[in-house]
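Heads up: the structure comes next, in structure tokens.
When the chains are written out, they are named A, B and C in that same order, and each has its own residue count from 1.
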Amino acid sequence: MTATATSARSDLSELGRSETALRTFLHGLPGVDQVGAEQRAAQLGTRSIKTTAKAQAIDLAIRMVDLTTLEGADTPGKVRALAAKALRPDPADPSCPHVGAVCVYPAMVPYVAEVLRGSAVHLASVATAFPSGQAPLDVKLADTRAAVAAGADEIDMVINRGAFLAGRYQEVYDEIVVTKEACGDAHLKVILETGELATYDNVRRASWLAMLAGGDFIKTSTGKVPIAATMPVTLVMLEAVRDFRAATGRQVGVKPAGGIRTTKDAIKYLVMVNETVGPDWLDPDWFRFGASSLLNDLLMQRTKLTTGVYAGPDYFTLD
Amino acid sequence: MFEYAPAPESRSVVDIKPSYGLFVDGTFVDPVDGGSFKSINPASEEVLAEIAEAGNEDVDRAVRAARQAYEKVWGPMPGRDRAKYLFRIARIIQERSRELAVLESLDNGKPIRESRDVDVPLVAAHFFYYAGWADKLEYAGFGGGPTSRHGGGVPQPLGVAAQVIPWNFPLLMLAWKIAPALAAGNTVVLKPAETTPLTALLFAEICQQADLPAGVVNIVTGAGETGRALVEHPGVDKVAFTGSTEVGKAIARAVAGTRKKLTLELGGKAANIVFDDAPIDQAVEGIVNGIFFNQGHVCCAGSRLLVQESVADRVLESLKRRMAQLRVGDPLDKNTDIGAINSAAQLARIRELSEAGSAEGAERWSPPCELPERGFWFAPTIFTGVTQAHRIAREEIFGPVLSVLTFRTPAEAVEKANNTPYGLSAGIWTDKGSRILWTADRLRAGVVWANTFNKFDPTSPFGGYKESGYGREGGRHGLEAYLNV
Amino acid sequence: MSERVAVRKTYKLFIGGKFPRSESGRSYIVQDANVALASRKDARDAVVAARAAVKGWAGATAYNRGQILYRVAEMLEGRRDQFVALGAPADEVDAAIDRWVWYAGWADKLPQVYGGANPVAGPYFNLSAPEPTGVVAVVAPGAPALLGLVSVIAPAIVTGNTVVVAASPDAPLVAVTLAEVLATSDLPGGVVNILTGRISETAPTLAAHMDVNAIDLTGVADAELAADLEVRAAENLKRVLRPAPAGHDWFADPGVARMTVLLETKTVWHPKGV
């Protein structure tokens, strides 16, 4: 952490006014040693979470799932079914909690909204020409407004990776700022697409850039590029939100998305949250899993804990 | 909010006998002129087993067995066959790794996470590495030794090696000693530390299981007197010791004027230098790993943190936050980060030096941390406001206690780092490559970890400058200690 | 016409690049010459000079050290007849010069032969390189006077150590003449320091000195003294080179052991990442 980062909040709000200030700040952040970060993440993955702790972790993980479908083939029928599952993941067990949110394309938002209306499950929509972000800004903003108007209370935007990698931080920053404005009351999750950022140094810088610009959440991935969420990437992002809160007082959420398929994986992430940023983030308001198949594995493990026998996939709904 | 339920490793995987004899000439025997002592679990103070204490006569029998094996079996044996025995041993260690890890944690107090993920895998790796050298000694770069000075010949072993090892990494130190000695063609008599003899005795069983010829490896258990009898025995050709600098000096005096070749791996007071451009999160992990790995019972522990003043507050804040996550307790719990202090005596020493730190004006801090009632425990501790003059900045504490000092310039960091009679290891944290190399060049230490710490590998030589000892263990260099070159 | 009156040489100590008399003011006579009889204080002064020279000499490039050592060989060659006149057999002088050239060439090769990359099982750069141990005290053998002296000094300094040599009390003239060679060879002052006089007086001081890193007992003929010196050396764990066995063949290929025993291996780790 640089001296700049620990200075007062008002100083940080000035950063977005100049490309030079942004660059100086982002490049002044401490580096990330790849090997060290990966070893720490791997070490956290060796925690052994059993019995009561496991049960508690599974329920928490279910509550953190952003149940997602982002396919060209999505239909109203498909997303309605998904929304129904979000409300009652395990129809056989009413004690099973609902998930955190349903995440769909903007065109699917109205159908999901019908199902979720009146529930505590959030409705997230990807926007801003997801997944590439390669559209004119006014198209991206229109995309965002449409999703909010249709009932989304969370928007998952993508950053302009091309601009970021080319060092045009101001452009990335400004786009996040205006998207945030277009969101109105909806929460803004900023997808960094870490698989395209290539280095942890870039992940840390992009995290700070997204937070400085007003993002409510930072999210790893679209799920549409070969490398999605990883433990070390999420670790670097957790360190960023931790340091950002220390510097500004504002808490930002983290959402790893893509590639998290098993209960074992999810619990590793929860351990990492617990030991990196602490219990303040162990809440669906501050940590989410962008996932689809993860939920069924969580449900199977949950059933195993309650019944003592291993379940099979046929006993859980496929939506 | 997220409490980890106990996740104990099963201790039933290891079968501890009520009592153990000495391992001499391939069999377990009762001592002739020794007594016995107890090995306890430092996490519970429960007695684990009754251990034979070797007397002079027992040591003599072990040395004679080793001599006999050297002359009749192991010396004449082709290197490729010695190699196969060592490969066999390596394999059996892998197969029995869980058992070895549990036993190590029970007897030593170290967390199962470390014995399972660090100690035992390194032990197997060490035997694998040196196994391959046994039939390639002429390629090790030491020439052919006095008998074939102009190269081409195979360098000769020394004979019988007397090896005395400490309690901090009982099985790993055994591997560091036995693997190169046997690969080079020597036979050994090894004395494990009196508080941690059990894995060495299990290793003796592994030698039997591998059909290693009798007398090639002999294990004599006991305390300081047994060790003295061993290193002073006129029948040994080589003495290798890992332990305190004080005992190391006594051994150096004891072998003076003899033909015995000596290598010593002794104490340290390593500086871990954090520059202002360090990757802070990884540096904090490195600081934690540097001093709290194995309860700080590590000769190369990064026990002096030298942090650049401009980032000192920031680093300390992160360090304290990280320390609060350390889980102290049952060594067999898979989630334990810091286990038990190895013995009551060691605990007393750590307490004494820590009290000296407070008395001399340093500020002491530990995270809130509940320690078990029985057993030997010490909370992870840092002292800030430490100066070079404080005892806790000069003396090896060998416990989970970190002294924090600051510096302003690279030259000052190097000067403080080198301002110690020790010279085993050091750490450097900075994102600037040329600064790493500049600093590494100037540090008088045998192992320099840059942007990492406490990494070990069988191929990587380990050993110190100055009063941290002489000779290297590991790698090609490690063979030299066991060859007549 | 009367015979020309020769200018006689005073054989003094060689400390820090200068030729002082013993601070004790003592001398003894060898081969009709007065030779300085070094005191314990001289030994301590020599250690101070040797320590002061470590930084520059160890920090010099290997190429530079090799060049300077080769220059020493050139100077030796030029003084060949002088050593013969002092009683050294011609073949020994030749061997000594050749020995020095042999060691000179090691300066930039030993770190390659004796160090290198270690293939650790992980994403790390890992390199071991030898470094000089520091100040080395040397008890030089008495015979062969020049070849023996060259064979203990050259391997110590070629890698960057500095030395305090207790010359053989029986062959001080060769030692001081060698010092004159060294003094005219661009060798920085203090890299080699030579004490003449009694081994029993200087060696125990050097063996016990806490700012000496290693001791070479090659020239100690008395086994009891050798053991005593080794005991003293243990106090700060000096690296010890034990006395040469009787009948040691100084003309044979010396191997690298005399160099390697005075080296420390430093191993540096660094992660490989982006």
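The rule we apply is simple: a residue touches a chain if its C-beta (ideal position, glycine included) is under 8 Å from a C-beta of that chain, and two chains touch if they have at least 3 such contacts.
Computed from a predicted model, the values in this text were never measured in an experiment.
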Chain located farthest away, centre of chain A as origin (C-alpha): C
Pair of chains joined by more contacts [C-beta pairs], B-C or A-C: B-C
Inter-chain centre distance, chain A versus chain B - centres from mean C-alpha coordinates, in Å: 44
Suppose each chain is reduced to the average of its Cα coordinates; what separation in Å results between chain A and chain C? 68
Rounded to the nearest whole Å, what is the centre-to-centre distance of chain B and chain C, using the mean of the C-alpha atoms as each centre? 35
Each of the following residues of chain B touches two or more other chains, namely 451-452
Among the residues of chain C, pick out those that touch two or more other chains and give their numbers. 122, 124, 271
Considering chain A alone, which of its residues make contact with at least two other chains? 33, 35-36
For the complex, which residues does chain C have touching chain A? 122-124, 271-274
Chain A - residues contacting chain B, complex: 1, 3, 6, 30-33, 35-37, 39-40, 46-54, 56-57, 60, 236, 239, 270-271, 274-275, 279, 282
Show me the residue ranges of chain C that touch chain B in the complex, using the header's touch definition. 113-114, 118-122, 124, 126, 128, 133, 213, 223-224, 226-228, 230-231, 233-237, 239-240, 252-253, 255-257, 260, 264-271
Given the complex with chain C, which residues does chain A contribute to the contact? 33-36, 38, 198-199
In the complex, chain B touches chain C at residues 125, 141-143, 149-150, 245, 248-250, 252-253, 256-257, 264, 266, 421, 423, 436, 440, 443-452, 455, 457, 459-463, 465-467, 469-470, 472, 475, 477, 480, 485
